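To keep things simple, chains are lettered A, B, C, D, E and F as they appear, and every chain counts its residues starting from 1.
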């Protein structure tokens, strides 16, 4: 039997799939009938099904199945009054040999629409072309290279925006591109600014503004969790730590390093959003706007994609607590 | 005697100048000695001097001199303990014939660093190239052309930012350029957005976001004043009126016109900044960010230029109520 | 069998009724037993009942019944553990001929306690007696007459207050009466005010303060919905549009029209409540207080009527987020 | 020489007047020339003049003149570059015998435009006619009668609004009249309210809402000062004390007394305005609106009377921190 | 059969217990099967069980069982898929004679960890040792003694903190001890303060700061409810009333009594927390900090005890709307 | 002639003093008469005097005198209409040999009332006795010892509180003592807390909470200035840096170090006061309250000492924007 993707099954189809057990909860109906609610997911779909107490899988489920573990399933995909369900025929944990059949843990998580490696390379290329100050360029490059493996898969958040594999890269590259545009533009507009706008610093701060997510977020296969220091300190301060602790920072002059640290600290602008200081330099101001628009635009796009309230506007029960407009035809 | 610019006089020099009487106030010293404080300005400098009661100009000043009137002066430029002063030798009102000697009322007001006509032409060119919808393009162009004379000199504000001749154009063109960049970028990033981002609408709203200043601001030669409807209604709503009252708006489809009106209304984002609704469309969101950054950057540049507090940071007694950093060497 | 009102049926009674299908949702019990939850309402009562999968109405319900449609029902009214239910015996869509039996779509919506036509006439009478300026009086009257049909049934809101047929009229008439009282009173108290209080303008603004609801609200028989421009622009600005677009506004002098527009814009006072400017004239200030009290009083009366928490105070889970007192005996 | 009112002198006129010494400050010019700034006032005008060190009044001023003391002056009223001034010819403290010449300390303080005794009588009459509950009526009347002497002259505030002799009465009577109107109106509008609106209680709370100013404010002839308990407790709580401590309150039933106390506590509505609870009864809600409008209207009228900024709107440097509109002709 | 505590039963055990019927709600399953949800509690455990319609207890439950009543039960304690349940064998209301078997209504409510009588005695002892001013000491003591019975069992709140029998005493004693420490400390640190810190007043205000809860809270055996005056006036003002109405307050000098009243009023510091004035004296400031820390610490300890979210931090769905840290091992 | 302290001179006395030139500003009178305003200060008094253009010191002042430099003066102390003034007879810069006559730069700055060395020793002693964890104790001690010289003179702020030599020590020792008390107390009150309160950590965080002021503040002899990193990063984050960069921190276990860093970050509690996270641990909560009370108490004591407004309360024009009570007799 062929191996298909869970998210590509059609109703009634029986197939083998690889999937992550993402949910396992013990529940009872109001009448006291106990059952397990289990969820299996790949990158494109998550399906929850009940395992009733009298099911042949009940004992197995209770004793062995574990959330965060990958399974190979043979199942029939059905529609029910509860929505889609899986009728499980066979199930076993994934083994190493499954890699030969195409198993890859990443296939069970949502992905960036862009290739992580290409995004990483482009970020590096921008750093090399746009940061004239060699010490600063070296600092940025050494931080990127030093965390390459993790950055290729780090999400930007658990839920808010770019909450998928390589979301950090997708968001950071987009912010950095806007930084390149705006730095060029405003350096031209205000040539008399003293000291002049440091265009390379805008780019460096754009690349590193969210680098603290390396320490705030722990991207498990079964989902993103926040670290203890992420909760007690927060990515904004942790990002400044990454810069300060990099051996390459010693070569950067004090004024530039202070401006870089400040731009990281100030990128959320408001204290209630986590920035202890507002942007106090032209460089920090540009990074804030490039970042804020990119995050809000992504959130809005997600709301417009997911909200299915009738009428021309979405509900305001969303992350931004406001309605969005879909158009007169919607 | 040659005619020089007031702002180019050097200490001790005597010359003829054209200048605007910008200030005339009757004051007394604490001992009861009365005097007139008068100010003369051109685009680059404003000089205030006392006219003492026993001065030969006292009667003339009291009875004839009027703020907002242009004068031809012969004067010596002096430094005093009060700062620079003018020692007036001759003074008369400007007459038509002075135009032949180079008088132009605009020479007494601060100017944009860019040529108004070129900016206007570029704005038109962007409208023609970037707004694909012909009815929308026509609406934008007809509004620009219909108010060409005023837009060539309209400031963007009395004080806050771009408070100079053609400040509206300088700010609007800068915002519109950013809109072009961001519209292209985000249309590429979110191709699946439904309905798709209307790039032409982003540009149209960028051009028209502040068009209500036409009705809010009255740019007198002697200074900018706010109109009654500017005070009681505000430029945000007045800008929507300009669009609604344009005969060219009838040809624009209802959905697009509503989105355009909304983007104008929402461009300040927060109700306490005057926007009754937050940006509820992708187009309005982009315009808000492009505008907000351009305004804040201009304010910050002004603060860094004007603040002369000692130390590495400016004071926070400014429009943004925060300190800005000048650098370790400052 | 006689035709009775749904809201007048008593337990065990079987009768024919006209009713609106207000709710139709597909649900399942936790055990997977599917059913339809359907609701029928008239002006005074809404009853929800399950249609089980094995009911004889199941197929009909699934395929044909539609929310927002009026039906003629023969049903028995029962009490159950789920609350009141309808045991349906016959059901068909309402047809034109049912009007002869007393069917009127309005009978299925909650109504003002006052007669719409009488309220409309009184509003007109107040306009004629209390607005001395003929151009202003004519403007108010022509707007009222021009939208007479809609105003006779327009609610003031979907939910907040006066959310019933002719709610706009009930609220507007009450506000206007208070405006008449307060305008007389404060004109007497502050005779030296410059310019003097324009009593007719207070009345005109009282009548028109919520006129934008004409464009914000779409009163469907099956319930009130908000229009796209209602969502993106809001009734406060749309009300000013109604005035500006009325041909009768041309005859009103500029100062009076600006004050009228301002009073409409400012009637909610705070930017976060939708008013871009606070009341800046005596007339606008009076209208704000008259409106605000009338709306809040109506909301409070509804809370005291509907809240059934035990003890002397209501819960604070209501629109005003505060508790209200019912008295020591409650 | 005839005795005239200070506020009726014309330029150049010499006359005898009674006046309060309202200001006495020792100052020096920047050059070190010392002088006394003294102010004399009656109800309609306050005039400040310098007493120079070499003046014949210098020693007398330094040693004897005291702020808060009444004087009989013979003086010439002059215009100077400092504004109006008094050229003092004779000066002595007021003596008892001056009463025969018309001296009355009240003549030196600004007064209500209405007669205090008439206002007091009308307030009593309203209490008698509009408070049906005899115990409540008696409570109100006994509080009014018990503080009659003070209430006839108490201002409503030092500065904010109704800051003049009998200002408390003027404001309270106005609020109470509005309460009568609104109580009648809303009792009719919501006949089904449970418990029904207590119209007499609305009136009683209108009369007593500011009664705590008796203990908060100390109206000295030379100006209003705040008492220690006014500063540390505030008039809202002190007003409830007045009610609780009145022997007449014992006869009022518990529910009514609690509602009355609550209406006094809640009349400012917001905690940051001093009300620990928002209006939680219909009675308290009406009193709040009647009071708030009356206070704000008085403040606005004062701003429109006093602000002399050029242009159609006032400055926003006032108690309400907003601009007001004077009209297109202003 | 022995009488055991409900909270000490083990699975499968049958025993007689005294318990409070704390919950009785009529519900139905989604299929329409009706049942009663009943809850029985003692101080350490609350158990909810269904009484099905066909149970032998159904009629008894429907007709006789009443929340807030104490029962003697014979029951088997079982674990089910719904959690713990009681299988009731016998049930009757508690009678007087049960006291002989150890019944005490207090045994069914959560208790302070400390002995109420000892805490009361210690509070008295502190008052006697630490309040040097005899009139003030007498006032405090007479209020404590006058409400001894109620204070021995009063909780500090229904839910927020110290919401158990004698919670008022536990919280008050803790606050008072901190007041003793801080008063000694800051009197030493700022010996030059004028007037000097009144250490006895700090202690008196610490003891009395929450005395208004006597009138705000009504501690029923079946749970804490708020009184009408608690809802409409609040414990902060009611506490000041208790002081003012105590006959012993007359002997206290005016300044001290005003400071005491103020410290009670100001103890929550912010108007939105119910204090109409902020702490304006050193004594009030110390009481505020001692109280605020004690309340917040208790809430935090409760959150850390009860929250069972996985990971190093708690959820932020709690009274303080923030996360707390449990440690890396948690 | 004997050397006296500037702050001990009496009127008319001539003496030699050491003083800091704290102010030098060039001003003119309104008539154009130029003068220098100069200020001399020692720890207890600051005296400003004019140096007129025609004074014999004018040239010297203009060319040589410099703010921040210490001078030996011979001067007569006079009262004038401008307040106290110095009539300078001789003036020269301080030289090394003046130390023999008792000159010490510290004598010109306000000092803590306690001996810095004793406070430092006590802080060390507390660390040794109260921090049981040896690695944590060592970290605290090594940081204190490593910055001993600076800490002996560091103020806690430029203006807000403890703005004098050794102000950091005075404030830190006071906070630490309160931490000792509260840690003991709450460890006893909540023995079941999990994990248990780390009393040593409370003390360590109390000692180090403001350690970042080392890098934020630059205590010059002529006054306190803020460093660039102080302005752009702030002492809260810089204090965490001090801990992280100490070699002794490596020996502290990860959980304890994270809690320590967090307590430093969270000690101001609110984001708008600079803390990016609120106190999320029991230790951080205690430190916050101990610090906040100590700072606010010091500010209040300063206001009560300095404010000289008449009446029972101070003005609210102070750092805390509220009035304070001085007592009925004041």
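Everything that follows uses one rule, which is that a residue touches a chain if its C-beta (ideal position, glycine included) is under 8 Å from a C-beta of that chain, and two chains touch if they have at least 3 such contacts.
This one's a predicted model, so the numbers in the text were calculated from it and none came from an experiment.
Least step count on the touch graph, chain C to chain F: 2.
Listed here as common contacts of chain C and chain D: B, E. Counted as hops between touching chains, the shortest connection from chain B to chain F is 1.
Between chain B and chain C, two chains of identical sequence, the interface residue sets overlap for the most part, with shared numbers making up over half of the total. Chain centres here are Cα means. That of chain A falls 46 Å from that of chain F. Counting partner chains per residue, chain B shows two or more touched chains at residues 29-31, 228, 231-232, 255, 258-259, 262, 280-281, 313, 323, 325, 328. Contacting chain pairs (ordered by label): A-B, A-C, A-E, A-F, B-C, B-D, B-F, C-D, C-E, D-E, D-F, E-F. The touching residues of chain A, counted against chain F in their complex, run 228-229, 231-234, 236-237, 240-241, 244, 258-259, 261-262, 265, 270-272, 274-277, 280-281. Residue ranges of chain B in contact with chain F, taken from their complex: 29-31, 33, 80-82, 311-313, 323, 325, 328. If you check the complex, the residues on chain D that touch chain F are 26, 28-32, 34, 225-228, 231-232.
Listed in rising order, the residues of chain A touching chain B in the complex are 174, 177-178, 181-182, 185-186, 189-190, 192-195, 254-255, 258-259, 262, 278, 280-282, 285-286, 289, 292-293, 296-297, 300-301, 304-305, 313, 322-330.
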